[in-house]
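Next come two complexes, and both contain chain A; in the first it sits with chain B, in the second with chain C.
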Partner chain A sequence: MDQRNQFHRQVALMRQSLFDQGYIDEQFVQLEELQDDTNPNFVEEVVTLYYRDSARLIVSIEQALDKSPLDFNKLDSLMHQFKGSSSSIGARKVKAECTQFREYCKAENGEGCMRTFQQMKKEYATLKKRLEAYFQLARQAGPSQAASRPK
Partner chain B sequence: MVKPTALVVDDNKLNRMIHGKLLDVLGIKNRAVENGEEAIEVHLSGEKFDLILMDRDMPVMNGIEATKKLRAMGIKCMIAGISSHSIGPEKEEFMEAGLDDYHEKPLTVAKLLSLVSKIKN
Partner chain C sequence: MARRGTALRAQRKARRARKKIEGCNSKRAPGSKEVHVLAVDDSLVDRKVIERLLKISSCKVTAVDSGRRALQLLGMDEQSGHADSDGLKVDLIITDYYMPGMTGFELLKKIKESSSLREIPVVVMSSENTLARVDRCLEGGAEEFIVKPVKLSDVKRLRSYTNREVRNHCRRIHKRKHQEFHQEDPQPPTLPPSDPLIPASVAASS
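The block that comes next holds the complex of A and B.
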């Protein structure tokens, strides 16, 4: 019982630090509110889908950044989609980099785009690691009162 | 009491999943399509819904065109535009296509509840 409580406390701390450090925002809470006994891993499923889907977008953006001259409309359009998906899971830092990228597209600043894209990929990878660790610990801890919507 | 039904129109798989779940949680039977053209086809095949959640930017047929076509077909149900643009000409253009309401992405429980309460009224 003690170990279970300790796990739950660790999960709660991990979750809080994701918010405190600005990795995730209120939208993540919205996803958690949709989790229930019929879909106890809903948030993890959504995040998994996000990483799978967005990987393709990242490749497309990379390919577009390789072209010369840069097609800023296409880059902006790709990033618009990527930003949308990132917003849907509450990926706050990733979303901020996407916004910056789009500003550089509007200004037709290729260097700015490339720099921001590298930064975005760093945030994207860091968030993935943090969330994977969080979900793994949450699964070990098992269901808690807080994990599901109250009936 | 007859439960309302909804159609999710969005090219983004993640959004279809999240919006579908939001509707499930509120007990609203729903289905999803990937673009405006599929939304039209679903209606042409005789299906009716109480609420349509219409994304704006989609390939094949976007939300603006789909909304105009649905209204021209005589579809009178609530159509809510769900888009990443909060204000400005993009929103105006979408509203003028025939929307009843408009919400910025991502959709939340609170936003959906406000839409559902409007259906009942």
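The block that comes next holds the complex of A and C.
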């Protein structure tokens, strides 16, 4: 197997494990479908935008969690936005934590919110590392049929 | 003689209408009109995705981050609620429901209340698909309620709303023409089921 094929195989394996381990879901595939020769890095662009944009939401949630008493409506509203973006990129584990967080907001359970938020940040950071590694390898491997929309 | 002239005029009008319908197809004749969609979403990520989804579906896209901005672009004056003719011409509006300031539902209402904008089909997107919300939007005049995250198949379906508007427009023209000049003709034109994009009158004349 030549070098290029090796790379492509590694990329495919990395991609598969992201799905198998539940980090990403079907929506990620939807984004991949939007990639083609004119927009070969679309998925990476969207993910980069997500991490940049959601960082400010995380700060806002942190600030809101610092307040006393907690404003659960505000927390829920912020998390609704965050969950929306996470869902749009197919961030499955992150999205699950967001859902849990919103349940705690409804129940007005501050401790639950804080615990879940910490867990969410872990998943968020892990996903970022995994996706960065994946995109880097994909770029090294160069364009492949799998990465592009079927013609 | 008069009848033939009328038939010719009807044919010409049908040809123009067909060009308009063809403009909605992805395989466009050069120079014909693209479907122009106005996308409204406060989320930067979602705007990027919906923009790409629409472009891939051969639509021209204008994406804005609020209902207010959308109305401004459409030429609507906030005070009077009246839209002037200088506003952006769009074939479809797709809007997120949950937005700060003006919600998608409020935007929908404002558009449907405007005499100049109400004909524009509006589609609402939301991550929450409670029956109450869906009903509210459909009753408010939305063509459809799409659950987020939006997929390519959702967007491909949307094109049919713009086509339908043009089809209905053609139906109205031909029905009127038939009523005016062929009063003994009982049957208004209907679309052949095999090709929903070409009106019967065009198919008949070609």
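By our rule, the second predicted complex is superposed on the first by the 150 of 151 C-alpha atoms of A that agree within 3 Å, B and C clash if a C-alpha of one lies under 4 Å from a C-alpha of the other, contacts with A are read in each partner's own complex, and residues count from 1 in each chain.
Please note the rule applied: contacts are C-beta pairs under 8 Å (C-beta built on N, C-alpha and C of every residue); 3 or more make two chains touch, one makes a residue touch a chain.
Here the structure is a predicted model, which means the values were calculated and not measured.
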First (chain B), second (chain C), both or neither touched by A:Q100: neither
Touching partner for A:L49 - first (chain B), second (chain C), both, neither: both
A:S87 touches, of chain B and chain C: first, second, both or neither? both
Chain B versus chain C as contact partner of A:T116, first or second or both or neither: neither
Contact residues common to both interfaces of chain A (with chain B and with chain C): 27, 30-31, 33-34, 36, 39, 42, 45-46, 49-50, 53, 80-81, 83-85, 87-89, 149
Complex contact set, residues of chain C against chain A: 42-46, 48-49, 52-53, 56, 98, 127, 148-149, 151-152
Sites on chain B touched by chain A in the complex: 12-15, 17-18, 21-22, 25, 57, 84, 105-106, 108-109
In the complex, chain A residues that touch chain C: 27, 30-31, 33-34, 36, 39, 42, 45-46, 49-50, 53-54, 80-81, 83-85, 87-90, 149
Of chain A, residues touching chain B in the complex: 27, 30-31, 33-34, 36, 39, 42, 45-46, 49-50, 53, 80-81, 83-85, 87-89, 149
